[in-house]
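Shared between the two complexes below is subunit A, which has subunit B as its partner in the first and subunit C in the second.
Right after this comes the complex of A and B.
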């Protein structure tokens, strides 16, 4: 045997031994979670926010003197189903990972869910809103109010304000579809009429034709399903066309960036939210302060708050399953989550693994989101 | 290069190299995969194989016939949706959906090709771009048929005449067998007199026309054939992943497949295969580099175009082809005047 090959052998042996040691050390007091999210690509802005929120939650957890430390493996899915599935397989292969968070879009979450379903690894998405997502298997959870819940709530709110004829527009995504169906059902059940409903493709630049078409139906109010980028664009063009019809929206548009981008065109927009950064409750103020410190003083929106809570719900489930948390035990613990005191309100999982959230009514007044009674 | 050289199999391709490749794909790799027994490696191997097929099918149009195709992913999508719909609405299994996906994709390609195939150069490229977008928007907005952005959950896994092939190794073998057969067929097509006729379109379509080659018909055939193979790839993807949505087949996927063909080398089938392997394996291999991995992949592509204008194994330079596509105004040295735009 040459000197070189024996050296190689010793080195690899040493690597093996340290690896094994590290492995046992990890198993003893570190629990691993996976987080798949778009850190690059078209939706990177959301993924980056989620990572920031998750890191805040993780640092807090590890500083709180719990019996074990937690570790999160972040993997970039680029909001691409191919990559999402690859990551899912990777997480499943890593036997130390007992729970997974993500993905951002429903499409990628659902493609990955097929893998988690087969492997029995619990998956908690902070945003996947596709109606069928939680129906895939008992391992899929979400920390977001679905439109089946939010739609009727908003419908009642608008009808109580005397708006009987309502126009609905939403982005052409699975989520947008659920916005329209959830809301329309709510309106019909409570005696109103949806006079117009149409979808637009995400990233549309010119809403003027849609707006004038919509106005021809003479609605008392407009209900919209969009995220802040499209929302800001839409609101500015509504203002430019001099239309005064009141605009209502969902919690998905609840982001300081909406006001930042739309300026005074956002004034008077009504929407629901389950996160209010102005809420004086100490745990909410704590998160807002941490977030501001990590992002040059910017105020967190709804999505980072949901991600923050999702990570904390997952960690709480792991803690409940500790010692010896297994994927199955973590799943069961997740399913038992009840009245979790998050920054997005108290969260419980229903029997079909849907998050039940309290919603807050908000109006944009003087360039800020202000909670309103009705 | 003498065009008739191109129809001959590339040098060294006696019996030995195909045999070694077959051994690698059907014995070596599966042994390795089974040895590691990691679902992640199986997944990447299958995904890479599917993109090998997509890249090889685009090679037929873009590499051999020299036509810039910007809508290939849409036919991949048509195949995937055909498989998903046939399987969820009519309960058909993979055995039936595999050929049907290819046929439906080919049929749609044939229909959209009818009015567009007389177009040349950049106009052809724009037409394929439009076709791709059109099909993508149909998948996205025809909610009654495709469930639109909600996508479709495909519950039936891979099977052959009723035998389930959904185990890890069985899935790999199925995907590998289908892809190998298709790539062999594409290889035979591109290294034949037929392939040479297609090459004549790439080299000079007017000249080919004047020599009696029916360029419009050949283009249509190449386009339809390539869509058939893309459809087959779509069926593999639909049954393998279990969930498809229009986002899987958008424009950026067409560009990804085009990049595979270009990086591997236009006109070379082994090049198209290597390009696909490179662009699927590299981003996965570079995961450890976090947010920088996309930059690194971009750098590899940039350097490969800069240093290897013909790609890894190409017959023609991508830049040459692009110049010809983008304007007849480009000219090489004529009578002492330099190259440039007229």
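Right after this comes the complex of A and C.
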């Protein structure tokens, strides 16, 4: 027993030493990034898409003959704030990591951000859209329009269509709360009324009680803050109950899966987006082709596109900081990002590290997302 | 005159409660009646749904073939689950081990382990995103009953749950196998001494209970139109609460409590935010444990 365990120890020690040696040998021309994202658990589908998008971006970068190679360490946060902070500590302790991507949800991104703030490690989330996230420190960046931008934009859109009394529902998360507050402010500022607002738990199966309750307030239209799984269930049950009130949503619901899961119940849903896979621009079509090749011909939604851009923005910043990129130099390079030509439009970071994005209005027509003028 | 709004909420609550009851029946048979701590029932439910989905996408079969496939996978899953997570703990046949609570409750962890492995394996094979069921298989065409709108699935689920309940009550009270299940649950050692094949009885119960779990999975999948690896978790918790409320060993008790749970949740949505409706289930669980340690319908066993 003891002989065996000491043998094991020696073996693992040897492995460690060779691993460390290999690490330093690589470090000369390899730059390491961290990516924290949910790879298992209830939100795993998003994290797995992010990893796929990141790998496409990484392969392209490493094949482009740059002066250095990049490497991304993926860590599974399970969308759990505690896991997220543990990963953040791990990334901070790894002195080779000069920049971090992720996390998926605003809640976990903000929990991890406290660690990155102390250590001075730049963090770029592809999706965290809670207004407070970038306010944590000068190290937090995001590549997504916030609900503070999107809410008022959608409020004006709905009011311009003549909907004065609007019901709002959103998932019970940091993000969902920012959906409701951003939109409600926009509606009030433009002379409309929010007649009903309520939160539901992510992953709720049966929305019929909520829908019946909502309809009692007799709204002209419903504004929703959900992702495609919840969205598909909601839309189907709206149809089942024979309700015809128009439904509007945020860019978070913009995914081909929404239409696949909801079928004809998704017809007529209006939402905003900043990525259109049908856009003929060559760099967008290039990403769509690569994505299809990696996922059995499925069309990418907005989130993978944002992750792809986030990784490329980070890599561009590292390249600018090269040679000898430090965490501080990468942060400064990120902050200078201007008109980065991504698949989700041109991205610049404002002084408070917000991505300035252009939104496109979209309607579901004939089983597809179709851009509309108003 | 009652406000049609409340009738609609009542109908929604009943149909919600039926989906919980469907899951609770098989769960209570294994966990409550046989008295075996089993936390892998939710994954049997998920496996049943995936078996149906795979068959649907492969060959477009008639609906009864889909249900049959789910039942077959359920039986297989129940058998394998028992073999992997439960049988190893029965290898000691001495009196002390058979009486030991610790031995019996260690399956809490082994069944939980199996459930995690199955769920993660499903995620690797099928991906963790929701998969849609082709529309012609869905059982949610709206049906108007007076002022209330229901869907076809509500009636199908009601029929299946009623048949399961009646069948099991008959099995447990009128047949030899039912008698032996109750004997094993009451006193495994005593059952062994009077010549009951305890191993066979336990395997049979697992097979029957898991078939019901798998049927519940595919029916709920066709009802909501979305199938994914984590789908068994929430219904598992609701079924657990219904079982504890019903007094662990009583299947009709679990069914009634599942209905109470569903109605309470949908009614609660009227008065509090929907975000709090899960509180109802946990609130009931705590209240039951504090005020009715034997459950609402159970009196037979020691405290739940």
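Rule of thumb we're sticking to: the second predicted complex is superposed on the first by the 348 of 374 C-alpha atoms of A that agree within 3 Å, B and C clash if a C-alpha of one lies under 4 Å from a C-alpha of the other, contacts with A are read in each partner's own complex, and residues count from 1 in each chain.
Just so it is clear, a contact is a pair of C-beta atoms (placed from the backbone, for glycine too) under 8 Å apart; a residue touches a chain by one contact, two chains touch by 3 or more.
Note that the structure is a prediction, hence the values are computed from the model and not measured.
Undergrad: So, on subunit A, is it clash or fit between subunit B and subunit C?
TA: Overlaying the two structures gives a clash between subunit B and subunit C.
Undergrad: Thinking of the overlay built on chain A, is A:172 touched by subunit B (first), by subunit C (second), by both, or by neither?
TA: A:172 sits against subunit B and subunit C alike.
Undergrad: Mind working out whether A:93 is in touch with subunit B, subunit C, both or neither, as first, second, both or neither?
TA: first
Undergrad: Kindly classify A:232 by the partners it touches after superposition: subunit B alone (first), subunit C alone (second), both, or neither?
TA: A:232 sits against subunit C, while subunit B stays out of touch.
Undergrad: So in the superposed three-chain picture, is A:195 touching just subunit B, just subunit C, both, or none of them (first/second/both/neither)?
TA: It touches nothing on subunit B or subunit C.
Undergrad: Where does A:204 make contact in the superposed view: on subunit B (first), on subunit C (second), on both, or on neither?
TA: Second partner only.
Undergrad: With the two structures laid over each other on chain A, which partner does A:263 touch: subunit B (first), subunit C (second), both, or neither?
TA: second
Undergrad: For A:40, decide between first (touching subunit B), second (touching subunit C), both and neither.
TA: Both: A:40 reaches subunit B and subunit C.
Undergrad: Where along subunit C is the clash with subunit B: 58-66, 148-156, 184-192 or 202-210?
TA: Between subunit C and subunit B, the clashing stretch is 184-192.
Undergrad: Jot down the residues of subunit A that show up as touching in both complexes, subunit B in one and subunit C in the other.
TA: 40, 172, 199, 201
Undergrad: Using the touch definition from the top, list the residues of subunit A that touch subunit C in their complex.
TA: Listed in rising order, the residues of subunit A that touch subunit C are 40-42, 44-45, 48, 169, 172, 198-201, 203-206, 208-210, 212-213, 216, 229, 232-233, 236, 240-242, 257, 260-261, 263.
Undergrad: Quick check: in the complex, which residue numbers of subunit A touch subunit B?
TA: Counting only subunit A, the residues touching subunit B are 39-40, 75-76, 78-83, 85-86, 89-90, 92-93, 105, 107, 110-111, 113-115, 119, 130-132, 136, 172-177, 199, 201.
Undergrad: Under the definition above, what is the set of subunit C residues touching subunit A in their complex?
TA: That would be residues 5, 8-9, 12-13, 16, 120, 123, 127-130, 132, 135, 140, 142, 149, 151, 224-226, 228, 230, 234, 265-266, 269-270, 273-275, 277-278 of subunit C.
Undergrad: Note which residues of subunit B are touching subunit A in the complex, please.
TA: For subunit B paired with subunit A, touching residues are 38-40, 42-44, 47, 137, 140-141, 143, 148-151, 153, 241-245, 247-248, 283-284, 287, 290-291, 293-294.
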